[in-house]
Each structure stands twice: as structure tokens, then as C-alpha cells.
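Data first, discussion second: the structure below is written as C-alpha cells.
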Amino acid sequence: MSNPLTHLDAKGAARMVDVGAKAVTERVAVARGRVLMSKNTLDLILEGEMPKGDVLAVARVAGIMAAKQTGSLIPLCHPLPISAVSVDFRPDRETGALEIEARVKTTGQTGVEMEALTAVSVAALTIYDMCKAVERGMVIDNIRLIEKKGGRSGHFQREGEEPWDVL
Amino acid sequence: MSNPLTHLDAKGAARMVDVGAKAVTERVAVARGRVLMSKNTLDLILEGEMPKGDVLAVARVAGIMAAKQTGSLIPLCHPLPISAVSVDFRPDRETGALEIEARVKTTGQTGVEMEALTAVSVAALTIYDMCKAVERGMVIDNIRLIEKKGGRSGHFQREGEEPWDVL
Amino acid sequence: MSNPLTHLDAKGAARMVDVGAKAVTERVAVARGRVLMSKNTLDLILEGEMPKGDVLAVARVAGIMAAKQTGSLIPLCHPLPISAVSVDFRPDRETGALEIEARVKTTGQTGVEMEALTAVSVAALTIYDMCKAVERGMVIDNIRLIEKKGGRSGHFQREGEEPWDVL
Amino acid sequence: MSNPLTHLDAKGAARMVDVGAKAVTERVAVARGRVLMSKNTLDLILEGEMPKGDVLAVARVAGIMAAKQTGSLIPLCHPLPISAVSVDFRPDRETGALEIEARVKTTGQTGVEMEALTAVSVAALTIYDMCKAVERGMVIDNIRLIEKKGGRSGHFQREGEEPWDVL
Amino acid sequence: MSNPLTHLDAKGAARMVDVGAKAVTERVAVARGRVLMSKNTLDLILEGEMPKGDVLAVARVAGIMAAKQTGSLIPLCHPLPISAVSVDFRPDRETGALEIEARVKTTGQTGVEMEALTAVSVAALTIYDMCKAVERGMVIDNIRLIEKKGGRSGHFQREGEEPWDVL
Amino acid sequence: MSNPLTHLDAKGAARMVDVGAKAVTERVAVARGRVLMSKNTLDLILEGEMPKGDVLAVARVAGIMAAKQTGSLIPLCHPLPISAVSVDFRPDRETGALEIEARVKTTGQTGVEMEALTAVSVAALTIYDMCKAVERGMVIDNIRLIEKKGGRSGHFQREGEEPWDVL
């Protein structure tokens, strides 16, 4: 009997799934997550952005570079020739949250949701790293897939998630 | 005036903070997070564990290896000679959550909270990757520092977090 | 005169051979090797496997991840979009050997024998690492290509090697 | 009860062993292995060495660089500040074997036998890669620890192994 | 208004440009640079080359391997399946310069000028590293694109640069 | 006779020099280089900096991250626990040059001049990458060590190089 967890074989051993028979198509994935912090820390980051602060710029670069390392970080993930990555931020001053969105494209045989989720995670970790001296209690939260297009499994769109304008 | 965000210089430019004058002491950090999923998916993972399934074993290895890559992933993070890492799991069958804890030690000049948080994040991403074929909507959530010992900034212990027995 | 060692140019200097004119076809490679050890050590590993020990699970992950790093480790090897990797084990309790088999697939312009041999080598090194505290004298042995399909050089099948059922 | 396999915890889960309490001492490890090949292939490599061929030079660099990547390749291996690496070769024209020796030093809390074994393995894989066009049937063989000095476990010297002069 | 710097979006934020719509064609890039040094140092390198010195062999391997890491090193650079790399050297004993040329090919959606420039840069850094004990004042100089073929932007050929015979 | 090129042994073979006997001291290195470009391109970069453009921020991150990868990129370079890195820029609008300075510190057994030179090189390559769409003919030039302190070889200060205020 085949295993419903496709990354395990019939005996439960891990393997890198064979994608050799899948079609080469354009595939897009969008993921989001957020870093919960005090309004004071959020203000420091956003002020830092004007005129030349680097917190979000550094986190953006970290997320983009991590997307390219996804195949090395996630053991059973296929290495992929990524054709585009962007990472954007949206502050929520009400709640003291900094939201992160990553958008990844490829033309290949597997989807890029892991690349998008990895970009969000590493961008969030970078924000934590750069702000931990002022607030050690920040929480990285709600990392989730928003949309996935291309490939056999069809179009996934998480309900209740709107497109948003970036910082 | 010095910048309260120590990873930025007085002009707001990013830099890797100088830790050369900090004491070489033993430092420990513990972080936690969780992956929210349906009970069905959680059951598949846990059954897979008996007798020989690999989801948690693979996620554990991924988290440990990622802890060692922290200095490459997080732009301003210092590379560190880690002396111990462990990654553990605790399923919460009530809510359909798989909780993850990473514990990292070093003898060095900076703390290892980023290593612990990175291990949790990559273990969570690996679980997502291995189970996404059965549930694309899983959410990675509540990644946070639990404890930090050693170094000038003193002992940090997040309130309301108990030690837990592992799977 | 061209050099029979194709990785050297006419003057003997190393180069990465040009594969740009080769056909994009499906290619498979299988490699094997073994770790020679005492029966006692082999028993510890295999018992460890029941119900939840991790030696073989960790070695399997290490081999799969190493296959993806082959292009970084072997200087003149082409980076390849691997489409599948599996690593399996077969204990030989008679002789105290743990045999390892790696199977790699790609759709590309060069074969994946180096990926399969690298996966076997790193899985073997990982077993050595995890067991060296009980037996420092283990030997990694007989790493060899078993089969290679696809591409201009035709089908290679090493004589006297049977397909085997895995642990 | 503690696990005789120190890389597993009492429940059989993998972990990176805590070396924080071990002494910082000078540690040396020497490993050897060999690539079995036809005399014709061995001659091509050795002739290539005169005056300017690169097979052994490339394999030496690959082995040295791999020693530095050991902590990334072997999941539970501690990253180490290596203080010296050398890789040498000795052809055995009688049997058609090319023997490889790696010697690694560190001043740290754990030994460097994995670094030495990894250097030998990757040097051997590189030789295979560079010569596979003329002989696909080469075998990587007899990779073993020769000597280990420094640290609590004392001096290990494999019997019957002599120091040898290099190519 | 679109940004003339295509790696920035309309708001000035960095992104990895979308190359998904570009044609898959064969692309070639050639770059050059040089290391300025005293004649004495240059002589040591070149004598070292006869019969078996390794400075240029090591620098060549370093350049080839760096070409394959370009997508990891340069934040917004696309990872590419390189199909060929060579690195050559030409000493200029008159001026005490060692010139370096890298030639890279791919079949893909973006050019390989960054891979060629990275190969030259890392080969130059490696020469500096290996010779710095005898001359700390060496200068790495004049790293430039010589030629670029394939892709929409047409054929770039830097004026006044002749093909050269290699060492 | 020992080889004046310390990275080669008496027979000319490459090795990673043994630094195990060197003192652990604080070591600093400063390197500089520049990217020659048209005034128009330089203006685009500098305007991009106000208020939120990312060229220099991305190049700075790339340089800092590359400093941490030096031991992986340069074959015979020792891996080092870097304690601080900064990368700064100074435009010269007269000549159309963007100058780069990297400053690296460690407490260890070898110097960090390779880390500083690598940071400058990769920052320069990143600027080239981000601006190549508007000017393919830019040249990376004059990469050199400015200062080196700590360690047995004493204080190196390149003549005629002044400290400079950063952008």
C-alpha cells in the first residue's frame, strides 16, 4: 500500500519523491507570516527605514537568499532553478506586528511553496536577530501558504487573505 | 548617538556587531514553536513513527543541521562553534498541533538564541514539506525564545513555559 | 591531441567539461558501498532501529542531502536538478557489514553517477560518525557504481550485482 | 540507561552530543583509503602529473575543502576550527591502486577523525569523477582511520599501517 | 515609472528579477582580471608550476568552484545550471602581472557574466592568499567583462581585448 | 628546503598551513577596492539611496555574508570565528568611482585579510550585478589590503591610504 505521506516509502523510510514525470510548467507560490513585537520596536524599525536604515533591507535580502538555499535546508526538497523572488513587508501599527510576504516563481517540475515559506521564515528570523537587543520576547507567527499556481494539484488560494500593498 | 538597534551603526547601515570584547562563557538557548495541522495529519505522522517512519527523524536532523548553518543564513549573525544541539517534539492531539523544542549550547562570545530559533523554524518547515501533500493549509506558529543563559544580558526565562517531556 | 582524461584540456589543465551539446534525457544511476564493523556494533544499530532509533534514518537523510551537494563538493562536477534520490540499507549479519545503496534520477545533460556515489559515501561516513564511540576501527569499503542508464554512453550494469530488498 | 551509541539519546533519538565539558587540546587524525583502477588509468593520472596535469592537484584541493565542510555534511558532527589539513597520494603500480592519506589538526573540544575520513572520501570521489570517462568500474575502497591523538579517548594507532612517503 | 536599475522595484526595494519569460538559449560569457605583483613573486608562482607546483592549479579549481556558487554569493543572481567553465592564466613578466580569464557557458534563461566575473575574482583572491606571505601588497585589478553572447541583449565584445593563448 | 610560498610543501603540493602553534590574539584587517562606472550609473545608485533604494544595502549584506564564507571559497584559507565585519562605501563623483572598504576582526590564530578582501570583492560583484543592465562595461579595480594588525607578522599599513568617512 502506498503511504499517504508521499515523502515516505511503503516501509516508512524517507526519500526524495520522483518528480521526473511531472510537467515542466510555470509555478508560483506566495507565503506570509509575521513577527509580533511591541509598538516601540516596530517604530524603531520603521523609523530606521527613513532615510537609510537597513532592517527591512537586510531581512529582504536574507529572505531572497534563503529561497535559493531551500533545497539545501529542507532534506527532501528538490533543488529548483528559481526564476523570480520578492519579499515585502507590511507593518500593522495597531497590533505591533510586522507582516512578511514572499512570492516565488519557477519554471520546473515541482512547486515553490517551500521556497516561499522558507523566505518568509528566514526574513522573520533576521528581523528577530536585528531587534533582539531591544525586545527578546518577539514571536514569529502564522507562517502559511497563501497561494499556489501551476502543476497538477491545481490552484490553491487560502480563504480570507487579500492582496496587500507593500511598505 | 548610538542606535538602539545594535545591528545598525549611527547612520543606520547594517553591520555585524563587534563581540570581540565579550567574555567566552557557556551559553544555552531554548526555543519552541509549533505546526498547526488536522488531527488526521498528526495521526499519520505519529503512526509513521511506529515502528520506523521517518517524519520526525528527518525533521530532527534538518533542525540540527540548520542550527549549524545559522551564521550563513542570518546575515549579521556570528558564526559559532556549537557544542550541543537537540530537537524534540511533543504532539498535542487535542488541538492538532505538533510542538517543537530546540536546545543549543556553545562556549563562546555570543548567545545561541538564533541557532535555537533557526532549528525550530527549519524543523517546522521540514514537517510542512513532508506532509503538504495531505494538508496544504498547515500553519507554522508561535516560534519563540523560551530560555537563554550565559553572557552579560543575564538569564531570560519566558513566563508560563514549563519544561516538557518529549515524544 | 585531445586528452583521454576529458576533465583535463590538451595542456593538462583542469576544466569543467562542456555538456551543452548533450541531449536532455532521463538518467538513472545506482551505487553501492558498505561499512565493515563488528557484529556487536551492527546489532546496536539494528536494535536501535526498533522501535525508534535513528542511526539509519540519520544516515539516509545525510546521503540524500549530500547527493544534492555533489556539484559543490566535486570540483569539476556539473550542478544538476536531481528529480529523485533514495538511500537504502541491507545488513549482512554474517560478516558484520552494513551495505548501502543509493539510487538517483535526473532529467538533464549529464549522468548522476557522482551523485549516487556521493550519497553512498556520506551515508557511510555518517554511520561511522554515529558508531565510532563503540568501534573506531570500522572500514568504509567497496564503493562502486552498479548501474547507469540514459545518455550517450549507454547502459552500464556491473556484473554479479543483484537487485536487493532493503531493510 | 544511557545508549552505547552516544549520538542517540535514551529514547533512540538523534542528537549532537554535548562536548562543552571536554578539554580544549591539540588533536590530530590521519585517515587513508584507496581507489582501485586499471594500470592504464593509473598511468594516465601519473603521466598527467608530469609536467602539469591536474588530477591529483584537483583531488587534493577537493579533499582539503571537504575537510572544512565536514560539519555541514555529517549531520551530528561538530563544526571545528581546523588548524591544518594535508592530503597526499601514493600510487601502487603493482596492483593498480592509488592510495590517499589525509592528515588533519585542530585545537578544540572534539577529534578530527571525521574531517580526515571525509577528506579521503571526497578526494577519492574526485579521482573517480575525473577518470570515469576511461574506466567506469573503479572502486573506492578501504577508507579507515589510521591514527588519532589528543583528547580523553587516548592514542589510537591502527596496527600494520606504516608511515609512507608521498608522491 | 519603472526603475532603470532592474534589480530594484518601483519603490527602490531589491528583488530577484523575473526571468521566467526569457528564452532558453545557449549563453557564453568571458571575463578577465589580473593580480599585480613583483616579478619575484610571479617567478615563484611560475617556477612552482614546474614540474608540480600548485598555485595556478589551486586557483583554477577555486575559480571553477566559485562559478558554481555565484547564485549563493550574489544576492539577486539567479541560480544557473552551468554547462562548462574554464579558467586560464597568462603571466606578464614585463609588468609583474598575472592575468586571469574565465569562460562560462550555460543553456538557460539568463546570462553567465556574473559567473565569469566571480570565477576571476575568486581565482585572484586564491592567488593572493597563497602568495601573501611573500608579498602582502599585491593588488587585484581590472576585473571586467570581455564578451557576452546569447540572449536578448545581443553580443557584447569589449574593445581592444584580444583572444589570448594560455599558460 | 622549505618553500617560500608557505601554502606549498617542499614538493610543491598545496596544503593548508598549520597554524596550531600561533598565538590566539585579536586581529584586524581593512581592505579596499572600487567599481569604476559612468557618472550616470553612480547617480542612479546614490539617488536610489534616497529615501529607500537598496543597491548599497544589498551590496553591504553580500559583503558581510561573503566574509563569513571565506573559508569555504578560498581553498587553503582557515575557517575563522569572525567577531565583527563592516562594509562601507564612498562615492567619488569626480571620477565615477564607487569605493568600498571592509573591516574585519577576529580573535584567533590567523589574520583576517582574506575575509576583508573577499568582502570587498563580493560587494563589488553585487554592485556590478545590480547595475549591469544600465552599464555592462563597469570595471572592478584596485582591490588591496590597507591595514593588518595582530599576529606575529606585525602591523601592515599601506602607504598613502587615509581613513575615510563613509557614505
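Letters are used for the chains, namely A, B, C, D, E and F, taken in the order the chains are written, and counting of residues starts over at 1 for each.
Just so we're on the same page, a contact is a pair of C-beta atoms (placed from the backbone, for glycine too) under 8 Å apart; a residue touches a chain by one contact, two chains touch by 3 or more.
Owing to the predicted nature of the structure, the values given are computational and were not obtained by experimental measurement.
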> For subunit D and subunit F, what is the smallest step count along a path of chains that touch one another?
Replying inline: 1
> So which chains are sitting against subunit C and subunit E at once?
Replying inline: A, D
>> Going by more than half of the contact pairs matching by residue number, which of E-F, D-F or D-E reproduces the interface of A-C?
In response: D-F
> Between subunit E and subunit D, is it the same set of residue numbers doing the touching on each side, over half shared, or a different set?
Replying inline: same
>> Please compute the angle of the rotation superposing subunit E on subunit F (C-alpha atoms), rounded to a multiple of 5 degrees.
In response: 180
> Once you find the CA centre of subunit A and the CA centre of subunit F, what distance in Å lies between them?
Replying inline: 31
>> Centroid from C-alpha atoms only, then distance subunit C to subunit F, rounded to Å. What do you get?
In response: 38
> What parts of subunit A, by residue number, touch at least two of the other chains?
Replying inline: 11, 13-14, 51-52, 54, 57-58, 60-62, 65, 69, 75-76, 81
> Between which chains does touch occur?
Replying inline: A-B, A-C, A-E, A-F, B-C, B-D, B-F, C-D, C-E, D-E, D-F, E-F
>> Under the stated contact criterion, what part of subunit F meets subunit D in this complex?
In response: 9, 11, 13-20, 71-72, 75-76, 78-81, 108-109
>> Looking at the complex, which residues from subunit C come into contact with subunit D?
In response: 3-8, 11-14, 33, 44-45, 48, 51-55, 57-58, 61-62, 65-66, 69, 73-77, 113-114, 117-118, 121-122, 124-126, 128-134, 136-145, 148, 153, 156, 158
>> List the residues on subunit F that touch subunit B in their complex, please.
In response: 26, 57, 60-61, 64-65, 68-69, 81-88, 105-107, 166
> What residues on subunit F touch subunit A, complex-wise?
Replying inline: 49-52, 54, 57-58, 60-62, 65
